[in-house]
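Look for chain A in each of the two complexes below; its partner is chain B in the first and chain C in the second.
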Partner chain A sequence: MCTDPSQLDQFSWLACYLTTPKHMALYWSVGTVLSLLAITAPAALLFGFGGATSARSRITPLRWFGKGYIAIVRGVPDIAFFLFFVIALDQGFEWIRHQVKCPDWPDPIRQGNDFIVCAAAKMPLGTAPQWVHETYGFFLAVLTFAIVFGAFAANVLYGAMRSVPHAQLETAAAYGMTPRQTFWRILVPQMWVYALPGLGNLWMVLIKATPLLFLLGVEDIVYWARELGGAKTARFTDYPHADWRMWYFFGLLVFYLLFTRVSEVVLDRLMKRLTHGQATVGGEAQRKAA
Partner chain B sequence: MKKLLLGTAALAVTASVAFAGSHSVVRMGTEGAYPPYNFINDAGQVDGFERELGDELCKRAELTCEWVTNEWDSIIPNLVSGNYDTIIAGMSITAERDEVIDFTQNYTQPDPSAYLVMAGNEGVALEGAVIAAQTNTIQASFVAEMGATLLEFASPDETIAAVRNGEADAVLADKSFLTPIADEGGDLVMLEREELIGGGVGMGLRESDGELKEKFNAAIQSMKDDGSLNTLIAKWEIGAAF
Partner chain C sequence: MSCWETLADYGLRSLGYGERLLPRDELTICQQVVLIGSGMLWNIYFGVLSVIVGFMLATAVALGKASQSALWRKLSEWFIFLFRGSPLFIQFFFAYFLFLSLKSSFPAASVFTSAWSGALVVLILNTAAYSGEIFYGALMSVPKGDIEAADAYGFKGWSKFRKITWPTMLRLAWPAYTNEAIFLFHATTLVFFSGFPARQQQGDALYYASYFADKTFNPFIPYPILAGYFILLTLIIITLFGIVNRRLNRHLPQNDRPRLKLKPRLLR
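== the complex of A and B ==
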């Protein structure tokens, strides 16, 4: 049916147009963005938890590390971090692999502008198929997002841990709990209600930050929307059209709005649940209503 | 998700295998947004003059090649850091770029640059006009030097859109890129005036990659000698023949 699009009526033309393999790449990239979020969010939370616990650790070097991580990553602009860090991370991996796999390599690694490691140390190997390169790029992206958003999450959790009423911790100590038991049984379960507004904000920002993926060479929805929406001349496509970027970006706008709306609803419910039985204004209101 | 899991597994497996040849697969980096040189076709694949040329060169040099797209802005840094092995993206050979990377011999004649303006605006005084060009191109530096107001965009497509919506008075780009757009009829027309800038298009390689450069140089020379390069140039209408 789609062999000669110029002969089709409007509706079937649109149907054919929206199902070209190129559009399939756009739909596939929606999956990329969603899976990035699905992996990054828990990873960032983990980084944040690690950062917050080490920032309030009693071991001085660990405390310095935690505080340094929060301060440095939060202070550097995202774009600079994304451009610098991913290249540095990639080269760092290759440098380590180079030292392990090619100890007898005679040439210097840095030759002018070039960064040359032996072929066996390339990440991924030069011989690997394209999808391995794409997957590797994706994981670099996840790691970078997790580090950046982990620093913000660490700050939120650090604040939340300090918001838990001190009397709770003292009572735990009076009952003979060790610091470790106090941390896991008293502090952590109660801190979420204080952390959730901040974490919810972070989640919203993370959703909207996914277009940064393209900076990392991952072809995300914004890339495909721009590529598909640009004006096309009849010589190079079966579906010539004028500049349609506005419509594609409108589609993106609707997608992101729906996504953040759904997130808000879910976060609200979660908040209600966490507030239950807490010594906060919200918890008190729930108790009176019941 | 399944693909991702497979990906990590495959990474782990391939990582433990050692390889002898330095270039068993050559990764060809292109922009994919600059017809007729390179663009993404309806099937989502890289297509165009450079796709055909590159595949033929790889065949002649007996290399296995794979195509990768990368944004124009970061196309040189990513070559240098080894994300791919060549740039084949309508990149003119200039002294500035030659300081950072190496070029093969040129595979197109210097293509004159032309101006595209809205129909009815042909009389615009270019020296005082707002002219759109793609960032980091020879056209962008030319406009900056001629004294007109330069409006830079990340992709070629956006430079055309800027003229259509009145943001810029004209766009300066390679003539072979503008010709199909002007031929489309409609609202955009090409000016008579042309600028002879650039020294022809070549493939970009890392400076340390001399062996690969020689292989491609030899392949380009053989395509020049037997006339097959001219056939491709005529087919895709890329300026003058050799």
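== the complex of A and C ==
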């Protein structure tokens, strides 16, 4: 039915237009964003847990490392980190592969304004198919997001660990638990209630940071909105239209508003569930209301 | 070329003065420091103006949200939802293309298609929404006793607001507001990556930093320079807001005065 769009009436024209292969790519890229969120959130939590734990460590260099990692979230715009890490990680991987695969390479890697590693160390290999390049780019973006948001999460978890009443830990020590046991059996189970508001906030922030994927060179929804929205003449497409980028970005705006709104409602419910029966102000208020 | 000459050539490059061509090869550290610093002028411009105008708008939004009238309340709530619920990056894009399409029907709107005004409008509205929510929270936590005491002293209407409610609200909101201001300055780095064109390569600090990173393929010099500038800027903001904080709390006994602390970030 979509064979000759110029003959269609308005509604079916729009229906055909919105299902062109390029639009399908736009819808797929929503999947890219969602999978970024699905992978990054646990990864960032893991990084954050590692950061917070090392910031509490009794080994001084490890503690410095943890505190330094937490401190990077302050003072510097996060987007600078995004732009930095994507290149830095890429070069880091290539440098390591270069050292392993071509130990006899005579030339320096940095020559003036160039970064040259041997062909075998290229990431991904020059001969690799297109999807490998795209996956590698996505992987770099995920790692970058995980590092930056891991620092935010470390900040939240570090604060949560300090909010667990100290008497709990002292009691554990009095019962003869080792520091390791105290940490895993007493501190970690109790810290989540304190961490949840911060982590919920972080989740919202993470959602709102996903359009930055565009800056990392991934073909995400921002990329496709710009591509598809631009004015098209009849010479290049069956669906000529004027500059519609405004409407595409309006669509993205609505998409994000709905997404954050739904998250907010779900997080509220979750918080209510978790405070239920807790010895906190919130839990007490719930008990009185019931 | 000495570093002083570089400063003379590129110190105001971001505003369009001095050398026209950006340095292309044999980039020295001095050139990178000077140009990124020159770009900071834009970050400061966007930040300062949107903090000032956004502050006034935020007070209005907070009062609107606390208002008795359902119309004002709904209006403020929707405003806050719209700007806090969506990414600033998308807001920039949308606003830019909106102004572009308005241009054809209202030629006057063409002013807003350039970054210095269009992005400024977005930043002002955005910070007004975030700070409006902060101010609203503070307005709700103004102690009841303060208001009752003001009533007992015969304060009414505007003078009650001006002399009692507003200063208390500011005092309570100030630590969170300081945080918001810092991250607003950080958010200004998004402007030139979001549709708004950098005319004749006149961009902000991050624009130049990424220019150098692309040219030298070495991110380890320009981004740390940028980070240094921003840490300095953050310290200056904390100092200035700290002075205001001290003035807002000067009537309190020493021990009750809240200290400003940089809290975990609030990226948008």
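The working rule: the second predicted complex is superposed on the first by the 283 of 290 C-alpha atoms of A that agree within 3 Å, B and C clash if a C-alpha of one lies under 4 Å from a C-alpha of the other, contacts with A are read in each partner's own complex, and residues count from 1 in each chain.
One rule holds for everything that comes next: a residue touches a chain if its C-beta (ideal position, glycine included) is under 8 Å from a C-beta of that chain, and two chains touch if they have at least 3 such contacts.
Everything numeric in this text was worked out from a predicted model, so none of it was measured.
Peer 1: Between chain B (first) and chain C (second), which does A:Phe249 come into contact with in this model arrangement: first, second, both, or neither?
Peer 2: In the superposition, A:Phe249 touches chain C alone.
Peer 1: Quick one: classify A:Ala231 as touching chain B (first), chain C (second), both or neither.
Peer 2: first
Peer 1: Would you sort A:His133 into first (chain B), second (chain C), both or neither based on which partner it touches?
Peer 2: In the superposition, A:His133 touches chain B alone.
Peer 1: In the superposed arrangement, does A:Thr20 touch chain B (first), chain C (second), both or neither?
Peer 2: first
Peer 1: Figure out whether A:Thr3 sits in contact with chain B (first) or chain C (second), or with both, or with neither.
Peer 2: In the superposed model, A:Thr3 contacts neither chain B nor chain C.
Peer 1: Kindly classify A:Val76 by the partners it touches after superposition: chain B alone (first), chain C alone (second), both, or neither?
Peer 2: It touches chain C, and chain B stays clear.
Peer 1: Output check: A:Asp114 vs chain B and chain C. Expected answer is one of first, second, both, neither. What do you get?
Peer 2: After superposition on chain A, A:Asp114 lies in contact with both partners, chain B and chain C.
Peer 1: According to the stated criteria, A:Thr60 is in contact with first (chain B), second (chain C), both, or neither; which is it?
Peer 2: neither
Peer 1: Between chain B and chain C, whom does A:Ile87 touch in the aligned arrangement: first, second, both, or neither?
Peer 2: both
Peer 1: Which residues would you name on chain A as touching chain B in one complex and chain C in the other?
Peer 2: Comparing the two interfaces on chain A, one with chain B and one with chain C, the shared residues are 87, 91, 112-115, 214, 226, 243, 245.
Peer 1: Contact residues on chain C for chain A in the complex?
Peer 2: Touch residues, chain C against chain A: 25-27, 81-82, 85-91, 93-94, 97-98, 100-101, 186-187, 189-190, 193, 206, 209-210, 213, 215-220, 223, 226-227, 230-231, 234, 262, 264-268.
Peer 1: Flag every residue of chain B that touches chain A in the complex, lowest number first.
Peer 2: Within the complex, chain B contacts chain A at residues 1, 3-4, 7-8, 10-11, 14-15, 17-19, 21-25, 27, 32-33, 35-36, 39-44, 47-48, 66, 68-71, 77-78, 80-83, 85, 100-101, 155, 157-158, 160-161, 164, 180-181, 183-184, 206-208.
Peer 1: Considering only the defined contacts, which chain A positions touch chain B in the complex?
Peer 2: 20-22, 24-25, 35, 87, 90-91, 94, 101, 111-117, 119-120, 122-133, 135-136, 138-139, 214, 217, 219, 226-227, 230-231, 233-240, 243, 245
Peer 1: What does chain A use to touch chain C in their complex?
Peer 2: Checking each residue of chain A against chain C gives 73-80, 83-84, 87-88, 91, 110, 112-115, 152, 155-156, 159, 198, 201, 205, 207-212, 214-215, 222, 225-226, 229, 243, 245-246, 249-250, 252-253, 256-257, 260-261.
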